[in-house]
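Working notes, structure below.
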Amino acid sequence: MTDLLLLFDMLLGLLIIGLAVAALRVRDLFAMVVMFVTFGLMTALAWVRLAAPDVALAEAAIGTGVTGALLLKTLYHLRRVSGTLHLPEALSERPPDPQVPRAVIAANAVMCGLVVIGLAAAFVTAPLGGPGFDAAVADAMPESGVDHPVTAVLLNFRAYDTLMEVVVLLAAVIAVWLVERSLPQSDPPVMGEVYEGFARLVLPGAVVVGVYVLWAGAVAPGGAFQGGAVLAAVGLLLLMSHVYEPAPAHRAAARGLFVLGVAVFTGVALLVAWGGRAVFEYPPGLAKPLILLIEGMVTISIAATLAALFHGREPGVQPRPADTSEGAQ
Amino acid sequence: MTEPLQFWMVALLFLPLIGAIAAFVLPRHAPIVGMGVALGVTGAAVGLCWQVQSVGTGTVALGGWGAPLGINLHVDGLSAAMLAMTAGVGAVVSMGAVNTFGGRVARSAETARPRQYFWPLWLLLLTGLNGVYLGTDIFNLYVMIEVIALAAVGLTVLSGSLAALRAGLDYMFASILGALLLLMGVGFVYLQLGRLDFGGLAGADPSGALVAALALMFVGLALKTALFPLHFWLPAAHANATAPASALLSALVVKAALYIIVRLLQHMPAPGEALVVLMGLMGTGAILWGSVQALRADRLKLLVAWSTVTQIGLIFVALAQAGVAGLAHSWKAAAVLILAHGVAKGAMFLAAGRIRAEVGHDRIRDLDRSPVRPALAQLAFAFAAVSLIGLPPSLGFIGKWMVMEGALAAGNWHWVVITMTGTLFSLAYFSRVFAGFLRFDRVEADVPGGVVEQRGRAPMDYAPLALAALGVALGLVAAPILEFLEIGRAGGWP
Amino acid sequence: MAVLALLAAFGVPLLMAALLTLAGARGMVWRLMPFAALPALALALLAPVSLTMPVTVRLDWLILGAQFGLDGIARVFLGLTAVLWVAAGAAARHWLHDDPRGTGFGICFLLAMAGNLGLILAQDALSFYALFALMSFAAFGLVVHTRSKAAIGAAQLYIIFVIAGELALFAGLALAAGQAQTLLLSELRIAPMSDLAAALLIIGFATKLGLMPLHFWLPPAHGAAPVPASAVLSGAMIKAGLYGMMVTLPLGIQAFEDHATVIMAAGLISLFAAALTGVQQTNPKTVLGFSSVSQMGIIALGLGAALMVPQAWPVILPVLVFQATHHAMSKGALFLGAGAWAAQPGWRGRVLLTGAVLVPALVLAGLPFSSGALGKEALKTALAEGSPVWLPWLIAALTLSGIATTLLMARFVVFLWRSPPAVPPGARVEGLVLPFLSLVIVSGALPLLWPALVPGWAGPVNGAAPGAFWPVLAGMGLAAGAALYAHTVAVGTAAFLRQVTAPFVLLWERVALVGTRARRALRQLAQTLPATLEARGIGWRLGQGAIAALILLVLILEALAL
Amino acid sequence: MTPALIYGLTGIVVFGIGLFGALCVRDRLRRLLALNLCGMGAAFVLVAGAWRMPPDSADPVPHALVITGIVVLVSATAVALALIRRLHTLESAPEEIPEDTPE
Amino acid sequence: MIPLPEAGGFLPLAILLTSLLVSPVLFALPEHNARLRTALNLGAATLKLALVAWLSWRVSRGAVYDIGFTVLPGLNFKLQADPLAVLFVGLSAVLWLITTVYSVGYLERGPHRARFFGFFSLCVAATVGIAMAGNLFTFLIFYELLTLATYPLVIHNGTAQALRAGRIYLVYTLSGGLLLLLGTLGLWMLAGNTDFAPGGILDAVIADSPRMAQALFVVLIAALGVKAALVPLHAWLPIAMVAPAPVSALLHAVAVVKAGAFGIMRVVYELFGIEATHALGLAEPLAAAAAITILYGSLRALTQDDIKRRLAFSTVSQVSYITLGVALASPIAATGALAHLIHQGLMKITMFMVAGNLAEGLGVKKVSQMNGVGRAMPFTMAAFSLAALGMIGLPPLAGFISKWFLAQGGLDAGQDWVIALLLGSSLLNAIYFLPMLYRAWFLEADRPAESPPPGTPGRPRIGWMLALPPIATAAMVVFAGAFANAPFSPLDWTRFVVAIEYQE
C-alpha cells in the first residue's frame, strides 16, 4: 500500500517536472497555458498527498484557476493586438532583445542544475518533519476562536501576514489600473451564447458554494481565499458573459469593495487594541465572530479584486484622447 | 499599546495603510491625505525615536501570541533610524510630489492619471517599508517586500512612457524573482528550524539547510537591492520614473532589501569569510562599473541612478570592510551610509526633477546651453552631491570615514583604496553636472537680460535643498546618531 | 770623443743650416730635420754624467777660451730641449712642406736650435751669451715667418724685447764677469755679485722668460709663429731664460732680498694677470702664450724664494727643473696639438684630437696625479723652506693658479674650435699627429718617467701630494659660467633663456605629445570599452545569468565554510 | 523515503527549471510563467516541510504561508501581465505615444 | 552633548560665523540688490576684523579659547584660537576686508554676483576654520570646504577655459583632500586623537613604529603640498589664473596656498613636533622639496609673459619659503616662515590686485605690454613696485624681514646652503620682477594712441574701490617691514608664536 502510494508519488513528481519543462518548451503559447494549468492541478493533487487540502484548494482555485484565466486573457489580448488571432498557433512574441549566445544559455543551464543539486543536498540533510509549529498551534487552538488550524493561523496567529497579503492584492489592483489606464477598450474574449446561458444558470449555485467554502474554513479546509476565488470566478463569468458591464458610476463602489477587506481587517485589529490589548488580539469571547466578520469582508474584497485583476481596466474610463475630465468625476 | 513606544510603532504601521485606503477611496483628496499622512508618519517617527532614545528597544506581540507562533514587531536603534529616515525623506518627497501630482485640477490627462494613483501607491510603499523595518519574521518580511515591490513597480511606470514600462517590467521580473528566492530561503529556514522569527534564527547552529537559505536569501535580496552584477534593472527603472517616484525608489526602496541583508547577517549563523569578501568584491564591481556608467550617462537622472548603484556597492564594501569578525561593528558604517544615501539621493532626484522641469530636458551635455538655471535646485543637487561624494562634514563623509577606519584597523588596505577610488570617480561624474550648471558661454538664446539664474527659483525647491543640507549637516552630529544606532545592541551584535 | 759629442750636439744643426743654403741638399736636410736635435738628445740621455760629475771640454782657442760641458742641470735642460726640438723638427718638416719660404724658416729653425742647444752646453759667459743671442735672433725669423700683419707686428715687438733683453744680459754678464774675474759661469756664479749685476741678469733672462712686465712680446710671438716654431718658442726657448738664471745667478749662495721680492711679486702678477689677459684672447695660440707667461710666474716664485733664502735652493732646484720639464712637454704638446688639430680635414679627427689635446691641457691645469699637480705640490713643500712671510701667499697663489690655468685651457680648447690656427697649404696631417701624440704621452707619463730619468732629483716630486681636484673643477665651472655669460651676451638674455629652456620645452612637448596620444587612446578605450561591455552584458543577459552563478557561488563558499 | 522527500525534491527541481526559465527565456509571457514555476517550487518545499510522520497531522503554519504566497504571486502575476499587455500594445503601435513622455 | 564652552569660547565661533552665516544670506539676495549686498559684505568683514582684533588682544594676554563637540566617538570638532591660529585669522580678516572692497569694485556690473559673494564668504569662512581648527579632523573639514567654495570662484567666468582650469583645480585639490583624509585616518589610528598640540602628539608612535610615522608624514605633506603648490604638485596653480583678479588675489595671498602651508606648519610643529621630525629624518627632504620648489617656481616665472602667470609661478616659489622655514630646525627660521606667511600674503595680494587693475584699466595682461604703464597708473604701479621690491627682498620692505630671518635660521640650523638658495632665489626674483618695473617706469608706451578702451579718454579710469586696496596693502608691506619690531607687528606676533611652538 505504502509502496504503491510512494510509486504514485514518484510518478506524479516526474509528471509535475515533465509538465514544468513542457510548459517552458512548448511552442504554442496556448498549449503552454494549458500545460501550466495542468501542472497546477497536478501540484494540487500532490499537496493533497502531503496532507495539505487547504493549500491544494487554494492552488487549484487561485494558483491555477485565476492565473490560468489571467494568462489566457493576456494571450488573447496579445494576439488580438498583433492581429494573429486567426493563426492556429499562438507563437511567442519576439521582444527586441538580441540573441543570447547558446554558450551563455548552456552555462546558465549548468549552473541552475548545480544549484538544484546543491539545494537538494541541503534539503536531504535537513531534518525533514522535524521541529515545527505543531505543538504551539495545538496549544493555542482553543483560544483561537476557530476550529480549523490553517484558518486559525491565517486569521489569528499570523493575521498580520494575511492583512498584508490583502494589501498586496490592493496594491496589485491599483498597479493594474494604473498600467491599463487609457488603454483602448478591449472586449473580453467572446464566449458566445452558451456561456451566457451557462453563467445565468451557474451563478446562484457558485455563490452558494463560495459562501460555503468560506464558512467551512472555520472548521475544515476552505476559507476566505478559496471562497473569494470561487466568487471571483462568478465575477469572471459575469464579465465574460456581459451580464455585468462595469460602468463609470461603479468606480467608487469598486474602490470601496477593494478596500473593504483591508479596512475592516485594520479596523478590527486596531479596535481590539483599544482595550489595552495588543493589535490583532481578539477579546476571548469575540474571536469567532470577529474572525468571521473579517473573513467575510476579506472574501468580498478578494472576489472583487480578483475579478478586477482579470478585467484589468478601471471601469468606464474612456481611452485617450477623450479622457480629459478626470478631475470632475 | 499602553506604552507610547508601542503606540508609535503601531501608528507607523497603520497610519500609512489607512492613508492609502483613504487616498484610494477619495482620489480627489489624495494629495491632502498623502501629505497629511506623510507628515503624520514623520511625527510618529520622531515620537518613536524619542521613545527609543529614552526607553530603549520595544516589542509588540501582534495578536498577543508572541514569536514564534505569532509575529512580533520590534524596534531598536537601527530600525528607528531607518524609520525616521524613511519618514523624513518621504515627507520631503511628498512635498515635491504635491507640486507634481497635487492640485485640484489636473493640467492634462497625462498628469491626471498618475495623480490619483501616486498617493495610494506611495502610502502602500510606506506601509511596506515601515513593515520591513519593524518586522522580525522572515516570512512577514517576504510579504512586506512584495507590498513594496508592487507599489514600487506601480511608481516606476507612473509616467506611462514606453521606456518606463519596459523598465518597470524588468523591475517586476527582478522583483518577483528576488522575492521568490527569499521565499525559497524561508522554506529552508523552516525546514531546519521549524520557526521563522529572528529569535529562532539567532540561536541556530550552522547547517546545510541554513547555508542554502542564506545563499538564496542573500542573492534574492542582492537582486532587489541591485547589487552589482544584479543591478541590471535599476538604472532604467530609476531614470525613467517621474522625479518623486525616482526619489522614493532610489532613496528608500532599495534600502529595504539592504536592511534585511543587514538583519540576516546579524541574526543568522555567522557567514564564512569568503562570503563577506564576495560581498566586498561585488561592492567593488558596483563602485567601478557604476562609476564608469555614470561617467558615460547622457542624462542627468540616469547619472543619478548609476550613482545609486555605486552607493549600494559602497555600502556592501562597508559591510565587508573588516571581514566576518568586523561585522559586529561594520554594520554601523553601512547603516550610516544607508542613511546618508537615503537623504542625499532623495534630495538629488527631486532636484534633478526640478532641473528637468525648468530646463525642459535633462541631457547633461546640453545643460549649459539653457538660459534658465534653477539656482536653488542646482544648489540642492550640489549639496546632495557633497554628501554622496563623501566630502566633510556630510553624513556620507562620516560613513566613508568609518569604512576606511574600520578597514585600516583590520589591515584591509584594499577596501580603503576602493573607497577612495569610488570617491574620486563620484567626484568626476558629478563634476560633469556642475560644469553644466556653471558654464555660461554656450547659452544659445537671446533672452532679454541674459542668463536667468533667478528663474526657476520656486518655493518647492526649498524642500530638496533643506533635505540635502540636512544630509550635509547631519555629519556634525554623527556621534549621537551612532549612539542611537547602537541602542539595542551596544557594542555590536546582540 | 766627448768633444765630438758635445760639439755635435749643437754643431749638427749648424751644419744642416749651412747645408740648407745649398739648393741640392735641401731635400735631404728637410728629411733629416727631425733628427737634427737627435745628437743632443742622445747626449743628454747617454752621457755618463751624474749630477756631481760633470763632463767638460775646454776650447781655449775659441774666442776668449770657450768651455763646453754637461752637468746635472744642463743635462735635464738639454734633454727636454732636444725632445722638443726633435718633435718640432718632425712637425716642421710636414708643416712647411710646401711653404715657399720654407728654406728661410728652416735655416732660422736650425740656427735657433743650435743656439738653444748650445747655450745649455756652454759653460763660459761669452759662448753662452753668443749662443743665447743666436737663438734669440734666429727666432725672429720664426716669428715673422708668415709675414702677416700680426706676424710682423709680433716680430717687431719681439725684436725690441730681444734687443733690450740682450742688452741687459750683456751688461749683467759683463758686470758679473768683471767682478768675479772669470768668464767661467761656474766660477762667476759663486763669486760675490753686485746687486746691479744680478738685477741686469734677472732682467735679461726674465725677458726671455716672459715674466711680467717683460712679457709683452711673448704671447703675440707665440701666436704669430708657425706651429712648430711656437712649440719650441714656448717649450724650449723660454726655458733658456730659466736655465740662464740658474747658471748665472748666485742662487743658493747669496741672498738678494729686494730682487727676490720683485721677482716674486712679478711672478704672482704674471700668474694671474696673464691668465686674466689670456682669457680675453681669441687666437688659441696666443692664449697658450699667456698660459706660458702664467706658468713662468710659478717658476718665478721658486726663483724668488731661493733668491730670498739661499738655503732653500737645494730643495727648490729639483722642483723647478721638474716644473720646467713639465711645462715644456705640456706646452709643446699643446702647440703641436693646435697645429695637428687645425690640419685635420674632418670633424671626426678634430673631436678625437680635442680629446688628445685635453690631456696636456688638464696636466697643465693640475689634474691630481699629473705632473702639473705634482710639480705644484712639490713646489709648495719646497717653498716651506723659504720665507715664512711669503709662504701663505705663495701657497694660495699656487693653488689658485690651477683655476687660472684651467680657465685658460678652456679658453684655448674653445677657441681652437672657433678660430683654429691657419694651416699652410700642403701641410701634411700625419706628420703633425705623431710628434704631438708623442709629446702628449711624455707629458702625461712624466711623473712615471721622471724618477727613471733623473733619479737624483726625483725625491721631492715623488714625495709630493697628488694635488687637489677642486681648482680644476672650479676653473671648469668658471669657464662654463663665462661661456654661458658670453653666450648670453652674444645672443641676448631672452634668446639665451629660450635656448636653455628649449630642450626642456622640447622634451616636455614630446612628453605631452605622448601623453596626449595615450590620453586619446585611453579616451577611445573609455568610450568603447564600457559601451561594448554594456552591450555584451545586456545582450547576453549576464546580469540575469549572474543570479544562478551567485547562488551557486554562495552555496559552495558557505558549504566550504561549514 | 516519504512523500515529503519526493515532493520536496520535485519542488526543488521545479524551482530550478523555473529559475532557468526566468534567466534565459526571452518571451515575456513565458518568463512570467517560469517565475510562477519558481514560486510553485518554493511552495513545494514549504508544504513538504510541513508534512509529519503520522499523515494528516501536518503543521498548519507552512500551509497558511503557502496560501499567502500563492495569493501574493497571483497579484504579482496580474501586475506583470498588465504590464505585458500594455507594453505589447505600445510596441505594436509605437507612434501612438512618444517614447519619452515629458512628466 | 555639546559641552558649554567657557564664557569667551564663543569668540572663535563668532568669528567663524560672521562669514559663514552671511554666505547663505548673500546667496539668497536677489542679483540686483547690490547696495544691500555690499553693505552686508563690508559690515561682516568689518565686524570680523573687530572681533579678530579683540581676540588677538585677549590671546596675547594668555586667554585660551576652545570650543568643540564630539562628532564620532573620540573624534571631536574643535575650534581653538591659539596664537598661530590668530596669526592666520588676522591675515585673512584684514585681507578679506580689503579684497571685498576690491571685488565690489571689480564686479561692479558683472554677472552672478550673488553667487560670487556667497562663495567668497564661504571661502573666507573655510580659511578661518582652517586657521582655528583645533585638530586635524576639523582642519580636514574646512580644507575640503575651502576646495568646494573656491571652485565656483575659479570658474566664475563660465568659459570653457575657466571650466578646464576648474576641473584641474578640483582634481588636484580633491585628490589632495582625499590623501589628507587618509592621513587623518592614519593619524587617528596611530595616535588615537588628532589634536594639534605644541610639541606634537606622536611621540609614542614614533618610538614604536618610526616607519609608520614616516609614511604618515609623507602622506600628510603630499596632501597639504597640493594646496601649498609644492613641486610637482603645483600644476593647478598657474592654470587657475583664469579666475577673476580678486579671486586670484585671495587664492594666492590667503586662502588656498596658505592653507596648505599653514597645514604643513601644523603638521610639523603640532602633530610631529620639530625634534621628532628631525629625528625621523624627514625635515631634510621637506627642506629639499621646498628648495626645489623655490628654484623651480622662480625659473618658470622667468619665461612667463602673462602677468598673472608670472605672478602665479612666483607664488609657487614664494610659498615654499614658508615650508623651508618650517623644515629648518631653528626657531629663527620658523620666525621667518611665519612672518613670510603674512608678508607674502600682503605682497602677493597687492600684485594681483594691480594686475587686475592693469587688465581693467588698460587692458594690459602681458608683461610685454607693460611699457609705460607706470605713467598711466602711477599709484597703482607704485604699489606694485613696492611689492615687487619686497619680493626681491630689499630692506626695509616686508620681504626682507622674512628672508633675513630665514637666512639667519639657516645658519642657526647649520644649513648654510640656505643662504645660497635665498641669494639665488632673490636674484631670480630680481630677474623676473625688475624688467616689469623697468618697462613700466622707463619705457615709453608703445601702444597707439587710440588703443585705450573706448570711453576712457586720457588716463584710464578705475574706481577708487579698485585703486585703493592695492595701495593700502602696499603700505602694509612697507609698515610690516619698517616697523617689524613694533608690538603687534606680524614679526612680533610671530615671535610670540614661535616661542610657544618651540616651547621655549
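Per-chain numbering from 1; labels A, B, C, D and E assigned in written order.
Basically, a residue touches a chain if its C-beta (ideal position, glycine included) is under 8 Å from a C-beta of that chain, and two chains touch if they have at least 3 such contacts.
A quick map from chain label to UniProt name: B = Oxidoreductase; D = NADH-quinone oxidoreductase subunit K; E = Monovalent cation/H+ antiporter subunit D family protein.
Keep in mind the model is a prediction, meaning the values are calculated, not measured.
Between the chains A-D lie more C-beta contact pairs than between any other two chains. The chain occupying the central position, as judged from C-alpha centroids, is E. Inter-chain centre distance (chain B (Oxidoreductase) to chain C, centres taken as mean C-alpha positions): 90 Å.
The distance from the centre of chain B (Oxidoreductase) to the centre of chain D, each centre being the mean of the chain's C-alpha atoms, comes to 26 Å. Chain D and chain E, compared by their mean Cα positions, are separated by 67 Å. Centre to centre, using the average C-alpha position, chain A and chain B (Oxidoreductase) are separated by 30 Å. Shared interface positions of chain A, defined as residues touching 2 or more other chains, are 97, 100, 108, 112, 115, 118-119, 122-123, 126, 128, 132-133, 137, 157-158, 161, 165, 168, 171-172, 175, 179.
The multi-chain contact residues of chain C, meaning those touching 2 or more other chains, are 538, 541-542, 544-545, 547-548, 551, 555, 559. Counting partner chains per residue, chain E has no residue touching two or more of them. Two chains count as a pair here when they touch; such pairs are A-B, A-C, A-D, B-C, B-D, B-E, C-D, C-E. Note for the complex: chain A touches chain C at residues 97-101, 104, 107-108, 111-112, 114-115, 118-119, 122.
Residues 1, 27, 30-31, 69-73, 75, 77, 111-112, 114-115, 140-141, 144-145, 148, 151-152, 155, 157-160, 163, 166-167, 170-171, 174-175, 177-178, 181-182, 185-186, 188-189 of chain E are the ones touching chain B (Oxidoreductase) in the complex.
Taken in their complex, chain C has these residues touching chain D: 541, 544-545, 547-548. The residues of chain C lying in touch with chain E in their complex are 497-498, 501. Across the complex, chain B (Oxidoreductase) is touched by residues 118-119, 121-123, 125-128, 130-133, 136-137, 140, 156-161, 164-165, 167-168, 170-172, 174-175, 177-179, 181-182, 252, 255-256, 258-259, 262-263, 266, 269-270, 273-274, 276-282, 320-321, 323-324, 326-327, 329 of chain A.
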